[in-house]
Amino acid sequence: MVKAAVIGASGYAGQELVRLLYHHPEAEIVYLGSRSLEGNPLSDSFRSMADSDRYRFRASNLRDAAEEANIIFLALPHGIAAGAVDKEILQKAKVIDLGADFRLRSLDAYRLWYHLDHPGGSVFDSAVYGLCELHRKAIAPARLVANPGCYTTCSILSLAPLLAEGEIDLSMPIVVDAKSGVSGAGRSPGEAFHFPECNESLKAYKVGTHRHTPEIEQELSLLAGTQVTVQFTPHLVPMNRGILVTAYCRPNGKAEALRIEELYRTFYADEPFVKILGKAEGLPETRWVRGSNRCDIGFYYDERTGLLMVIGVIDNLVKGAAGQAVQNMNIISSLPETMGLTNYAMFP
Amino acid sequence: MVKAAVIGASGYAGQELVRLLYHHPEAEIVYLGSRSLEGNPLSDSFRSMADSDRYRFRASNLRDAAEEANIIFLALPHGIAAGAVDKEILQKAKVIDLGADFRLRSLDAYRLWYHLDHPGGSVFDSAVYGLCELHRKAIAPARLVANPGCYTTCSILSLAPLLAEGEIDLSMPIVVDAKSGVSGAGRSPGEAFHFPECNESLKAYKVGTHRHTPEIEQELSLLAGTQVTVQFTPHLVPMNRGILVTAYCRPNGKAEALRIEELYRTFYADEPFVKILGKAEGLPETRWVRGSNRCDIGFYYDERTGLLMVIGVIDNLVKGAAGQAVQNMNIISSLPETMGLTNYAMFP
Amino acid sequence: MVKAAVIGASGYAGQELVRLLYHHPEAEIVYLGSRSLEGNPLSDSFRSMADSDRYRFRASNLRDAAEEANIIFLALPHGIAAGAVDKEILQKAKVIDLGADFRLRSLDAYRLWYHLDHPGGSVFDSAVYGLCELHRKAIAPARLVANPGCYTTCSILSLAPLLAEGEIDLSMPIVVDAKSGVSGAGRSPGEAFHFPECNESLKAYKVGTHRHTPEIEQELSLLAGTQVTVQFTPHLVPMNRGILVTAYCRPNGKAEALRIEELYRTFYADEPFVKILGKAEGLPETRWVRGSNRCDIGFYYDERTGLLMVIGVIDNLVKGAAGQAVQNMNIISSLPETMGLTNYAMFP
Amino acid sequence: MVKAAVIGASGYAGQELVRLLYHHPEAEIVYLGSRSLEGNPLSDSFRSMADSDRYRFRASNLRDAAEEANIIFLALPHGIAAGAVDKEILQKAKVIDLGADFRLRSLDAYRLWYHLDHPGGSVFDSAVYGLCELHRKAIAPARLVANPGCYTTCSILSLAPLLAEGEIDLSMPIVVDAKSGVSGAGRSPGEAFHFPECNESLKAYKVGTHRHTPEIEQELSLLAGTQVTVQFTPHLVPMNRGILVTAYCRPNGKAEALRIEELYRTFYADEPFVKILGKAEGLPETRWVRGSNRCDIGFYYDERTGLLMVIGVIDNLVKGAAGQAVQNMNIISSLPETMGLTNYAMFP
């Protein structure tokens, strides 16, 4: 039985984690940390859980959590985990960090995109990038897993087979036009997410500067064996959950629909959380993955233009955050990878 | 293991039922019937289910279903089940009808409100009204259970303790102002539910004529031991799921908040799916029950006006339809009543 | 030409006022005051206006505004206008206050409901309640107009004819179940109005304590010539604009639909902004008044229960705030009452 | 005074046209044609208009309309206008066609993309493509104007200056990732637009096959003086109105932000309905153009990738349909081009 701690448990990713862990047959929540809600019962901020008054937020303290838990989930703003996770903690507990501090393998890239220094060191070096479908083997023995970002997960899964197989002409940057529901922006109120401001409206934001860009490039470059450049543009869509990525790239050769479908089906054979949609099944829609840990992927090769479009969808809070974190927990705990993650999306 | 058939499986209630049964540890789906989708795989209309192509819709045929299933769920328009369920079927399988045909115990009331004739007879006489919290004992041995309506469930649960305890001055009709998300209207497209028509708008509908009215009155009257009159007004709210009922009534005596809370807590003691919100917990909101089988109830006694307000919320597709149907299945199958229904609401 | 000042111009009511005044053929905006945005161009917070950079927010200062404007609109939190409007200001300019400080004619009621003291005095005494359809004659010569609240306007207009004609049995409190879009909560971010918190959810709030209650009662009592008690319950609906009021009352005698319709049509004969919906026209929906200054009213008398339901809708920012303020401006400026307010609702 | 007929007046574009014409100081509606609603008052389908019962739908008959009107607006499904507009009609009235039949100058392209034959002929030859900002001079004397599509208008306006100035390296197809609110799909109910199906979800559709593609390419090619290839991908967003286009292209040389801004400001100098957003103003959002005839355009040049992003927004029913149609009416009627179109967007 995993004894799990969640630090930063009051945000959307934290609470989704609590929901998934609560129902997980081999996990037990032993510590919920929240700086802002210390002392309050969980039910104050998450009234869905009928008996959640038996949980109470404690201090957002890793060292305390490491005394009671054997796996600690961190759902903290970037810049905090980098300094807070140390060898001593990792000796007592494994850490799955839903934040950004251990995702980029290059400290220079971190400094450039996050405008923050990073201590680096052996803890940093020991971190494994937790995109389960790509790094399962490296994740299994890790004590520190960097859970990928939401846009990142969807973008990488959508493009991985093409880059791994050298199908893309990299002289054209891969265009990743991504759209997300508002829960991706977190639970802190602000004018941009005030209901009447973002309801019934649509916008692009952080064009050219969004911090998931280097993460996508890092992983796609690893797969391609050469530097991959991505033009990543996020958009805010008036709905609660869901990410849809529309990627545009130029294939090296002809990208007949059937061959591409085959390539994806082979690459993701036996992956329980990736579903490839063939021509008969239409294109992915976020409603079909809402609440599930699945990533649906479809594609269209346009002979007219010579471009290949890949469309992927996930639930940003599940496969894009808490679900993948539980999937990582399962991997590092030698549990079946799908345990606690088999529920279907709720529709509508 | 329950062998379950769902007839009318392609609508919202039907599909929610499929989702719940699929995850239910003691149920197996053996028959999915749909008139409009006969022959198609389930995945065509419910793409959430990754492996749903292993299910295929068959004819909407009770007799066939009764050969394979021991419990048949009906999710059909009113007027069909009345003639289709007969003794022979009930000998082979138990039936849980999510439609309206066996809910009203008075055939006259049925004819008056539904403008349809009803054959009545011994099958009709054997039906039990399946509001689990009120009729658990009668449901257990039944072979035909009439699953309550969505508005009905929320309205009755919200008011039952007051009527059972004779707290209401019945000379004033009880006002039940109810609001529902759009999935309550079903899955058939029509101008009223075309996105741009109902998004960003609000309306009352079927004022004074909605067919859940006699159902609410029937049950409240039973509890009160005398005729109860209800003024029921439904409203359409631009959201997918959720019902909120605001009930106004005049207590016989003083209705101090604490005493009322106590009365509700006593009435619903040990009920796993009813949560009473005391003053500290605020009033119910539909978001906290979305996807769960729970009914949350809160109240406010206004000394200034002498009126008592009770506010109840449910998820119309779960406690208001498929969830309660599974709860009824558990009861008639001697399974733990909460089995397969313990998942928390997903938020947000 | 009216020279208009708007103090508190950065909120939703303030900006709607700016929009209406900008298009008004006989008004000119000469002063925009905002405490939080002093010095900024209007376009920073209201990018709809292509040339709005020619307006710049100035201090939220009534005395300065009174030097340049002959009509000052106040859109301020309650408690500020009470002390800020004085004789000197009223000598220089007329004031239309969109806030609550001059609406209640009883200082005791103000203190009770607002938990604030109020200086009262001759300025307070001179204020006229600005529900145009009821107080047009008193408004015309006024120098200080208290623009009604949003819920208030819709509730009073919906019920006025019944009380004026003595049709209601007042021994039963009038139940006013009201529902509002989120812009009614203002533009300040907060957890309750953070998109993922209120999207796809529904709740009642301030049950029994909402401050529009005494305002509704004051006006209905005036019409009835006796004390009227109202049970007012507001609800938050996930949409931007719109208020729908469902009122329940007990008529003194039989309330045949046709007679009631006639009574309303007579009461509101020649009112350009009130539309009575007869049986053929169905019931009001908020979409048909979005962006317009109209109030649509429909009704249903339920012979079965003896209750009469009246349903009214307005756009909370237009007839419920800025539109009615412009209507008041027209009245006190001897302009045609509909000037600048004739645009139809935009649909969808 | 323009005497205007609207044929196909019951859809969203048709009704928006009615709204704009109704408020237009120099237009009078003399004929409303609707096949499905012939005989019904306008108010049945457009209850916003308080006095709309004075209008009644007549047959969808161009010849009749041409007897009474001097300008006929067509808002019909494609394939109808091609055969219905003839010389005789054009002698009596000018026609502004909001449909697709006269937009493509190549009949082959029409047959290829619409899978329909087209009679062509002198009427077809006389048609002028009505994107006002580009073809104002040709529109002025025209008797048949092909009003551009919604996606088309936004895409072309967003990219026109770059192509006109030869700034784009055309060896990479221009990627146009477009997102639209649901009113763009029209008013006919269908499963895809049933509220619970498209609310809280996001999808791409008609990938590689959407019929606005050849229209965008036709106009951009004209501007570039060479064939331009566009990869156009539309997405459906759960909101009523608004289109946002995110275009990706590779500039020939360095595309410093300031130079590009200057180029756009010069190209659109004196255009009343195009607003260029510089760095300080942020990027376009659909909420700021809702209800207005404006197109807002912003951009970002990414030195890292060498790509230039252009983002444009319009209201699909105004600048994308009815508003531009009125703008065309003003041009061919020698009225000021902004007449009847100056209202600001309503916010929120």
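Per-chain residue numbering starts at 1, and chain names A, B, C and D are given in the order in which the chains are listed.
Assume a contact is a pair of C-beta atoms (placed from the backbone, for glycine too) under 8 Å apart; a residue touches a chain by one contact, two chains touch by 3 or more.
The structure presented is a predicted model; accordingly, all values stated were derived computationally and were not measured.
Asks: Using C-alpha centres only, name the chain that sits farthest from chain B.
Replies: D
Asks: With respect to inter-chain C-beta contacts, which pair, A-D or C-D, contains the greater number?
Replies: Looking at A-D and C-D side by side, A-D shows more C-beta contacts.
Asks: From the mean C-alpha coordinate of chain C to that of chain D, what's the distance rounded to whole Å?
Replies: 37
Asks: If you average the CA atoms of chain A and of chain C, how far apart do the two points sit, in angstrom?
Replies: Here chain A and chain C have centroids separated by 46 Å.
Asks: What whole-number Å value describes the gap between the mean CA coordinates of chain A and chain D?
Replies: The answer is 38 Å.
Asks: Would you pick out the residues of chain C that each touch at least 2 other chains?
Replies: Where chain C meets two or more other chains at a single residue, that happens at 12, 181, 183, 196-197, 199-200, 238-241, 285, 287, 290, 348.
Asks: Flag every residue of chain B that touches chain A in the complex, lowest number first.
Replies: Contact set of chain B toward chain A: 12, 15-16, 19, 22-23, 43, 46-50, 183, 200, 240-241, 275, 281, 285, 287-292, 294, 296, 342-348.
Asks: Please name which positions on chain B make contact with chain C in the complex.
Replies: Answer in residue numbers: 172-173, 175, 177, 179, 181, 196-197, 199-205, 207-208, 229-231, 233, 235, 237-242, 244, 246, 248, 250, 283-287, 290, 300, 302, 304-307, 309, 311, 313, 348.
Asks: With touch defined as at the start, can you tell me which chain D residues reach chain B in the complex?
Replies: Residue list for chain D touching chain B: 12, 181-183, 187-191, 193-200, 238-240.
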